[in-house]
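When the chains are written out, they are named A, B, C and D in that same order, and each has its own residue count from 1.
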Amino acid sequence: MSSQKLDVVVREIAEEMKAREDRGEVARYIPQLARADPEAFGIAVIDADGEAHVGGDADVPFSIQSVSKVFTLTLALGKVGDRLWRRVGKEPSGTAFNSIVQLEHESGIPRNPFINAGAIAVTDVILSGHQPREALGEILRFMRFLADDLTIAIDEGVAGSEQRTGFRNAALANYMRAFGNLENPVEYTLGVYFHHCAIAMSCRQLAMAARFLAHGGRNPSTGLNVVTAERARRINALMLTCGHYDGSGEFAYRVGLPGKSGVGGGILAVAPGKASIAVWSPGLDASGNSHLGRIALEALTRRMGWSIFGA
Amino acid sequence: MSSQKLDVVVREIAEEMKAREDRGEVARYIPQLARADPEAFGIAVIDADGEAHVGGDADVPFSIQSVSKVFTLTLALGKVGDRLWRRVGKEPSGTAFNSIVQLEHESGIPRNPFINAGAIAVTDVILSGHQPREALGEILRFMRFLADDLTIAIDEGVAGSEQRTGFRNAALANYMRAFGNLENPVEYTLGVYFHHCAIAMSCRQLAMAARFLAHGGRNPSTGLNVVTAERARRINALMLTCGHYDGSGEFAYRVGLPGKSGVGGGILAVAPGKASIAVWSPGLDASGNSHLGRIALEALTRRMGWSIFGA
Amino acid sequence: MSSQKLDVVVREIAEEMKAREDRGEVARYIPQLARADPEAFGIAVIDADGEAHVGGDADVPFSIQSVSKVFTLTLALGKVGDRLWRRVGKEPSGTAFNSIVQLEHESGIPRNPFINAGAIAVTDVILSGHQPREALGEILRFMRFLADDLTIAIDEGVAGSEQRTGFRNAALANYMRAFGNLENPVEYTLGVYFHHCAIAMSCRQLAMAARFLAHGGRNPSTGLNVVTAERARRINALMLTCGHYDGSGEFAYRVGLPGKSGVGGGILAVAPGKASIAVWSPGLDASGNSHLGRIALEALTRRMGWSIFGA
Amino acid sequence: MSSQKLDVVVREIAEEMKAREDRGEVARYIPQLARADPEAFGIAVIDADGEAHVGGDADVPFSIQSVSKVFTLTLALGKVGDRLWRRVGKEPSGTAFNSIVQLEHESGIPRNPFINAGAIAVTDVILSGHQPREALGEILRFMRFLADDLTIAIDEGVAGSEQRTGFRNAALANYMRAFGNLENPVEYTLGVYFHHCAIAMSCRQLAMAARFLAHGGRNPSTGLNVVTAERARRINALMLTCGHYDGSGEFAYRVGLPGKSGVGGGILAVAPGKASIAVWSPGLDASGNSHLGRIALEALTRRMGWSIFGA
């Protein structure tokens, strides 16, 4: 019954979002992202029984961009555990996603793993001891394993374009290297970073991949543990406080779920014990988060009573 | 049964905390706070049935300091609703509790209602149209009403001492006034601010006062609505992202509950749908939050499975 | 002959400035300053023989504002010598005249004696051990002595207005007090500060008062030493590097003389060994310095070959 | 006679500096600089008659590092004139030589041509339309022409080492590129930058090269104009306000001459109308300027009465 209600709610939201005229601004900093259809909207919710509830363009792949940072964080914690926190902090940044000011004030230690500098440091941890190609292969295999879908792939056009124009990320990486907070050659780490940001996935695939975060670290379909329950809670906590750059407070205030957004217009969200969720709409708001995606998630939590902050 | 378990857990935690040797550093910036007993530890948990589970010094009053900001925020939202957000933001600050840098960079609008500047702006909203004495009376009546306890009072020694030495807060208030973000005379607003920070309460009283935040805005004992369910969720969300200054990320990561700390060593926390909680121990950690208080809350959420980020 | 040339040049400049249509923006932050006549322009040059060369409104008094900081610095150095540099730095600020950011980053020590915070600290040094009225009397007597003119007075309307609206300066003073870098009650130090900024003087009086800076610390008319030659050089050096807030580099680049500007539209400048100079025109440029004043000084140094950076 | 006095003063200073025990700290960030002899001290003064007065290790070549920025600025102004100021500012930075914070706050426009970011932008201007090798050749020919010495060369060991470890400069360059304030490929501009910083010159060669700045833009020996008199004055003004990073105010206060320091321990200074000066001692003070170099210049200006701020 709850499953039926969820089905109805998801379909309603997809229709409402398709009909809205305010759609935000599509990111233009690389041509491949600028080509995204501003009319697109997709939503996928995987409930505790592993059932998928989808609406709109739920099966259209898009560039997941910064949403990939949730999964690279998970991988890096798996490799080095709490030692990761020597390289990156756990606090909201209070600044834009690509700010370098904070790095200078805090000796090259990024504030959290979800701003660009932090995610580059996390990528550097995954890369260590490997060739870029191997590290990238590992990340891609992890995504396919989590989503149970071997078709997930990297959009090489996006990756190449980022690599040619990602001067600000190159500045961040070089800066951290200057402080000794990057172990691999800058171009290697950046190469892996640009490629994992260029992974293309659909809402359905993303929501599938995030099931372990909603269910105590365990994939409820297979019963396999991806991480411990404590680690799943902690990744969720980081998403809540730091997942939307300088719009994290507003997202928590309105949506009330841990989530991570990307400039491709995707947002991943987690309703602990209930569902993993992905929405996508390419138009962004002033903080760089999907405009309709955030509105859709707000509607979903309200109608389903899923806010982690109370019924 | 859960009530029995909670009783045991609370008592265990109180004993464990009393026995620990690492107790943090008592705040010394005013003599009245420096006199606090570093050995003190109290905990009070009010469950959904209104039953109190207490341990240690749960009935010893202490200076609630910044914990009062949760209640003044509630009052101000009651007065002006969402118009409050023209005067103060909703984002984590990424800086210390008394930073003035952010005000200069953002035209005198404090980042959130829980840093000092934000709480001063919130106090200014409550004060508007009233005499300081009236505004203070209103705040105190609200606290007594919420806690159902007419004995709650202001420690005038603490208030006076803050007023004589609170130069940094005076700088914040004057600075906001320069930007037109303070409507009342600086000394009036500061007077009310220093006095509500100097309210003395015990853990039991604080946990009682916060019941409405754990139960959809409603006092579960009386059945009276204090705020709407949505507003209760939103206040909880703000506590989660901004409640512990530049230690908010770490608190969310470890404790996993919305909470608000004060330099008097108190922390208020909310387990939505389950309980309101107050802990107190005067020794502070490097971020200015109660050292044992945070550890006690971490133990409580783990043992009770109360984290909002998953079981 | 050189004296004749100077006479001609000064008169020419006064005429050219009177004729220009670009006059900058009169400061409006207090009504008394906003009333200044945008058409006003005055210039006075006292040469090495003590002869005055004047043009335009050289005898109309105006609010000297920050130009007073040169004289309070001289007084404070006379009182405490190099110990002053424990309280204030000697470096350009790289920020606006009333920035508080720098104070937070550098523990309440203002960058130099010519930004507001620095001048407030300098005023605090002069005040120490005195009543505000006495300190102010001392400053005023010093100005009258230097200018050899007993009619110099404070504009009480300006002083009162600054006192009622100077919230940003109150923020700076309270902030320094919080760091222990203010010894007297905030309102005393600010009172003296607002009053010495409100001294009214004409270009002729200002140029007379600054003779000692152009002539090795010695008043060339009376032969009396005001400060040592080394101190005069050092005050000139500070004016060159810090005298125009965040427009100091541009002023040095264009004018090539040590100088100090005020928001009343006055600029004091020093051509070492040659002349002391004052210009006045109320319209300000984007950096808060007199628009025509700067242009007039640029013309003067070019035509007289007075730049300290070469013929 | 003045020439004889100068000879005596220069020799005295060389002896005094050689005898001092406080020698600062040799820069260690690349091995080639760390190998410099802390006991070294050299001084060369070229007077208005073109006569050289030298002392100590005046003919030992050292890495001129940032002193090269004076000459690349001169070249770039020759190429694009005042259009250069669209790419770089003229104000003191108020921050360390390699700060990136300022770039973020001011849209990728460095504050002045003498901080690293500014000098990289200036190098980019010189490079435009050329191959790196050609641009470097032009810079080297300019230095040889100015110093009238064909033996001046680049220390390839220093250049290579900077290139391998200059991550912070790579961050600055990438950051400016991200803001569109770099026209050439980052590695090209950085290559030229690292190489011109690695030019090795003796005090005598440096002082010879800077003659035009002391004499109205004209080489007094050959009578050839290098730049106009106005441009020479302006370059001197920039050196005075910005030549010593965050120690520029102190240098002006103590030495009273336009100057530019490098981490190799060299300082170039200009006494307009009187002499061009170079000193060298590898030990640095806390601001990164030659410790004994600054003291020697202070002694020189005092004994010769050369301060531009008065006799």
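As a working rule, contacts are C-beta pairs under 8 Å (C-beta built on N, C-alpha and C of every residue); 3 or more make two chains touch, one makes a residue touch a chain.
Nothing here was measured: the structure is a model prediction, and the numbers come from that model.
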| Each chain counted as touching subunit B and subunit C at once | none
| said: Could you work out how far the Cα centre of subunit A sits from that of subunit B, in whole Å? | reply: 32
| message | What's the distance between the Cα centroids of subunit A and subunit C, rounded to whole Å? | response | 56
| Set of subunit C residues in contact with two or more other chains | none
| field | Pairwise chain contacts, counting only pairs that touch as defined | value | A-B, A-D, B-C, C-D
| request: Name, in rising order, each residue of subunit A that touches subunit B in their complex. | output: 89-95, 102, 111-112, 213-216, 229, 232-234, 236-238, 240-242, 246-250, 252-253, 256, 258, 272-273, 307-311
| Contact set on subunit D toward subunit A in their complex | 99-101, 103-105, 167-168, 170-172, 174-175, 177-178, 186
